[in-house]
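Next come two complexes, and both contain subunit A; in the first it sits with subunit B, in the second with subunit C.
The block that comes next holds the complex of A and B.
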C-alpha cells in the first residue's frame, strides 16, 4: 500500500498519524514548521482547559506515539505544492526550502488547522501599540514560563482584564463566528493567575460565557473558589492612564447600563480562530469546498464531519472550524479510519 | 459570496400584518400609555416598525455595549445607543413612546456607534427615524425640546453650512488625542480619506466658505420644499415655517432682480461690441 498522507502536525494530525500507524498503514506526516505539535507548541500553551493539565503532558503523549513509531515517516519544514488525482490516490509534490520530490499516496488527511486572529486588526484595543495589551496566546507563554510580568516594565501586574471575542462574533472584521474556546481558555488563564498569584485582581469582560457542556464547572468555580469578577459588556477602547503607566479600559457595564472606565495593569485579548494559511492553500490544491468563513466544509457536517466528499480526501481538526484539542484528536481518529478504509478498498 | 450575505436580514422588523397585530409584550409594572396618548403611541409604533429603514438599520444586537463606549452623549446623559437599539426592537409601544419624549434628542448624530457596532446596525440612523416621527407627529415634547433651536434652524435652513477640505487639519481635531493629531501615520491616512470625501467641485477653503452663494441657499430651500421637510416643520412650528418662507421669498425676488440687472448689463456691454464688429 502507498502511504497515507497526513498534512499538518498539530493535535488532529498527530492523532490521525498515530491511529493510522496503529491500523498498520504506512503513514507520511508532513508539517510546514520545523517542529511537530501545532499551535500549542508554537505558542507554548500552559495548562489546558478544563482539567488544567500541562499542555506538554497532553501534546507530549501524542508526540511520543508518533515519534516512536517506525511506520510513520515524518517530514518537517515541508509543504505541499501540487496534488493530482490518480487511479489509486494522489500524486503529490512535496517541497522543502531547497528541494522537491514527487510521491504517490493512497489517501490524504487534511489537518492544517487554524491561525489566531491578528489582534492588531481591532485597533481600538491598542494591541501592538501598548506593550501591556497582550494576546492570550502570549499570556499562555508567560504562564508556561512562570513569568507573569508586564511587558512594559517587568513588574507584576495588580489588576488584569480579559476581553473575550476579539476578532470573533464581529462583522467589523468580517468574522461573525464564535471561537468556541476564548471563554474557557480565558477563565482558565484567570484561574491559573489567581492560583499562582492570589494578590492579582482578575476581571473578565464578556457578552456571553460559552463554557459549553461540562466546562461550565470551571466557570462556576472561577467565581466561587477563585473570586474572578465578571463584567457583562465589552471594553470598547483602550487608552493610557496615570501618565501612561497604566491602561485605561473604557466600556459599558450592560447590566448597570452605564459606561465605565477602569485602569488596568494588563489587558489580555482572547483572539479568535481563523482558517490557517495552510488550510486555505490546501483548499485550493485539492479543490475542497470552503465555507463563507474560510474553513473547509465537510460534505455532511452532521453525519460525517471528516469526509470532504472528494475521493480520498479526509478532514480533521480546526481546518473545518474552531475546535478544542479533544475534538481535534477525535476527528483525527475518525479521519484516519476513513482514509484507511478508502486506501484498503 | 460575502459572509454578510449569509446573515439573516429583517429579523427584528415586522411585516405589515405583524405590525397590525403587535406582539402582546407586557413590561410588567411599567407605566402604560392610556387614552389618546395610547392611540398615538400605537400609531407611531406601527409606522416605525413598518418603515423600510427599520428593516435596513436594525439587524440584531449582541448587547456588547461597544456602541455606548464611544458615545459622547452617553457620558453626559442617562442615554445609550445600545438602549436605543433595544428600544427600536422592542414590542412595547409605550417604551418607544417614552424614549421619543426626550431621550432621542441626547444623540448628537456623530455616528461613532455605527463605526463600533459588530452587528452592523445603523443606530444613529434609527435614532434619526425616531426623531423624524416625533417631528412628523408634532409631539408636544418635541416642540418644547426644539424651541430653543429656532435660531440655529433658521440659519441652517436659509444659509446652510459648508465643509471645506482645508478644515481637515490636526489642529481642529485636538480632542482626538495625540494618536490622531500627532506624527502618527494613522492621522495622515484618515485625514486624507476625509479630505477626499469632500466633493472637489466645492473648491472652497475656510476663507471663502463663509460666503454662501444665494443661488445655493435657494436651491437648498427648494429641496426642503420638494422633499416635504417644510411640511414636516410646519406641523411642529407653523410660525417659524412661515418666517422661513418669507425670508426665502424675499431672497428669491432679490435674486431675480439681480439676474435681470445682470442680463441688462451684459446686453449693454455686448451692444457696442456688436456694433463695433458689425
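The block that comes next holds the complex of A and C.
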C-alpha cells in the first residue's frame, strides 16, 4: 500500500498519524513548521481547559506515540505544492526550502488547522501599540513559564481584564463566527492566575458566556471558588490612563446602563480562530469546498464530518472550524479510519 | 400599591390625590404607579425594521459597544442617551418607557462612531433616528426646548430658503415665550460676528425665487408626513396608571 498522507502536525494530525500506524498503514506526516505539535507547542499553551492538565502532558503523549513509531515517516519544514488525482490516490509534490520530490499516496488527511486572529486588526484595542494589551496566546506562554508580569515594566499586574470575542462574532473584521474556545480559555486563564496569585483581581468583559456542555462547571467554579468578576458589555476601545502607566477599558456596563472606564494593569484579548494559511492553500490544491469563513466544509457535517466528498480526501481538526483539542483528536481518529478504509479498498 | 415614604420614589411615580386642588396625599399613605412591565408590543420593531433606515434593528444583540463610544453618553455625560437601550426598548416593544426618551433620542449628533464599531453591522445612528421618527409620528411626545429649536430651524429654512441666524433666534425666542434684553443680544451678536460664527448682515437673507421652490417642497413634505403618519400604528394607552 502507498502511504497515507497526513497534512499538519497539530493535535488532529498527530492523532490521525498514530491511529493509522496502529492500523498498520504506512503513514507520511508532513508539517510546514520545523516542529510537531501545532499551535499548542508554538504558543506554549499552559493548562488546558477544562481539566487544567498541562498542555505538554497532552500533546507530549501524542508526540510520543508518533515519534516512537517507525511506520510513520515524518517530514518537517515541508509543504505540499501540487496534488493530482491518479487511479490509486494522489500524486503529490512535497517541497522543502531547497528541494522537492514527487510521491504517490493512497489517501489524504487534511489536518491543517487554524491561525489565531491577529489582534492588531482590531485596532481600537491597541494591541501592538500598548505593550500591556496582550493576546491570550501570549498570556498562555507567561502562565506556562510562571512569569505573570506586565510587558511594559516587568511588574506584577494588580488587576487584569479579559476581553472576549476579539476578532470573532464581529462583522467589522469580517468574522461572524464564534471561536468556541475564547470563553472557556479566558475563564481558565483567570482561574490559573487566581490560583497562582490570589492577590490579582480578574474581570471578564463578555457578551455571552459560551462554556458549553460540561465546561459550564469551570464557569461556575470561577465565580464561586476563585472570585472572578463578570461584566456584561463589549469593550469599545482601550486607551491609556494615569499618564500611560495603566490601561483604560472603555465600555458600557449593559447591566448598569452606564459607561465604564476602569483602569487595568493588563488587558488580555481572547483572539478568535481563523482558517490557517495552510488550510486555505490545501483547499485550493485539492478543490475542497470552503464556507464563507474560509474553513473546509465536510460534505455532510452531521453524518460524516470527516469526509470531504472528494475521493480519498478526509478532514480533521480545526481545518473545518474552531475546535477544542479533544474534538480535534477524536476527528483525527475518525479521519484515519476513513482514510484507511479508502486506501484498502 | 401603597408606599412607605414618598421621598423614596421618583416624583413621576407618585399617584397624587387632590381634593379641590389641594394635594391631600400624605407621606405614609400615598399610592404609586406600578413598575411592573405589563405589556410589550412588537409593532414598534416591525415598523422600524420596515423602514429603509431601520432594517438593521433586528441584528442588535445588546453588547453595548455603541453606547461605550457614544460621545453624548460618555464625554457629554447625557446618561439618558443610550443607543443600546433605545434599541432594546424598541426591540421588545416597551413603548411606555421608550416614549420617555422621545425627545432625548433626537440629541444624536450623527458622529457615526457607533456604526463604525458595532460588531453586528447595525446602522445604529439610522436606527436611532428611525425610532425617533416613530415616536414623533405616533404622537404623544412632550415638546422639549430642543424640539422647539428644531421647529424654529425648519420654519426659518423653509420660509427663506437660506438660514438667517438672527431670524432663527427671534423665532426660537417666540416659541420659548421669552425675550433676551437688547443689550445682552447686542453683546452676543457682536461676539458671534467677531468669531465668524454669525453670517447675518443688516438685511435678512433670502434665496432668490424661493417662493416657487417652497411650494413644491412644502407639498412634498406634507405628503411625506401624511404617508408616514398613516403607516404608524396608534400609540398605546399607557399602562400601569391604576394603583
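Note that in this section the second predicted complex is superposed on the first by the 345 of 345 C-alpha atoms of A that agree within 3 Å, B and C clash if a C-alpha of one lies under 4 Å from a C-alpha of the other, contacts with A are read in each partner's own complex, and residues count from 1 in each chain.
What we mean here is this: contacts are C-beta pairs under 8 Å (C-beta built on N, C-alpha and C of every residue); 3 or more make two chains touch, one makes a residue touch a chain.
What you see is a predicted model; the values in this text were computed from it and never measured.
> State whether subunit B and subunit C clash or fit side by side on subunit A once the two structures are superposed.
Clash.
> Using the superposition on chain A described above, determine whether A:174 touches subunit B (first), subunit C (second), both, or neither.
In the superposed model, A:174 contacts subunit B only, not subunit C.
> On the A-aligned overlay, A:214 touches which partner chain: subunit B = first, subunit C = second, or both, or neither?
neither
> Of the partners subunit B and subunit C, which touch A:239 in the superposed model: first, second, both, neither?
A:239: touches subunit B, not subunit C.
> Identify the partner contact of A:70: answer first if only subunit B is touched, second if only subunit C is, both if each is, neither if none is.
neither
> Have a look at where A:97 lands relative to subunit B and subunit C in the superposition and call it first, second, both or neither.
neither
> Tell me which partner A:303 touches in the superposition: subunit B (first), subunit C (second), both or neither.
neither
> For A:293, select first, second, both or neither according to whether it touches subunit B, subunit C, the two together, or no partner.
First partner only, subunit B.
> From the options 167-175, 185-193, 203-211 or 239-247, pick the one stretch of subunit B whose C-alpha atoms clash with subunit C.
Comparing the options 167-175, 185-193, 203-211 or 239-247, the clashing one for subunit B against subunit C is 239-247.
> Output the subunit A positions appearing in both contact lists, the one against subunit B and the one against subunit C.
Shared contact residues on subunit A (touching subunit B in one complex, subunit C in the other): 124, 165, 169-172, 207, 233-237, 250-254, 257, 259.
> Quick check: in the complex, which residue numbers of subunit B touch subunit A?
Residue positions touching the partner: 1-7, 62-71, 74-75, 80, 82-83, 116-120, 177.
> Give every residue of subunit C touching subunit A within the complex, in rising order.
Interface residues on subunit C, with respect to subunit A: 61-65, 67-69, 73-74, 79, 82, 84-85, 116-121.
> Provide the residue numbers of subunit A that touch subunit B in the complex, in ascending order.
Residue positions touching the partner: 124, 165, 169-172, 174, 176, 207-208, 233-237, 239, 250-254, 257, 259, 292-293.
> What does subunit A use to touch subunit C in their complex?
124, 165, 169-172, 207, 232-237, 250-254, 257-259, 261
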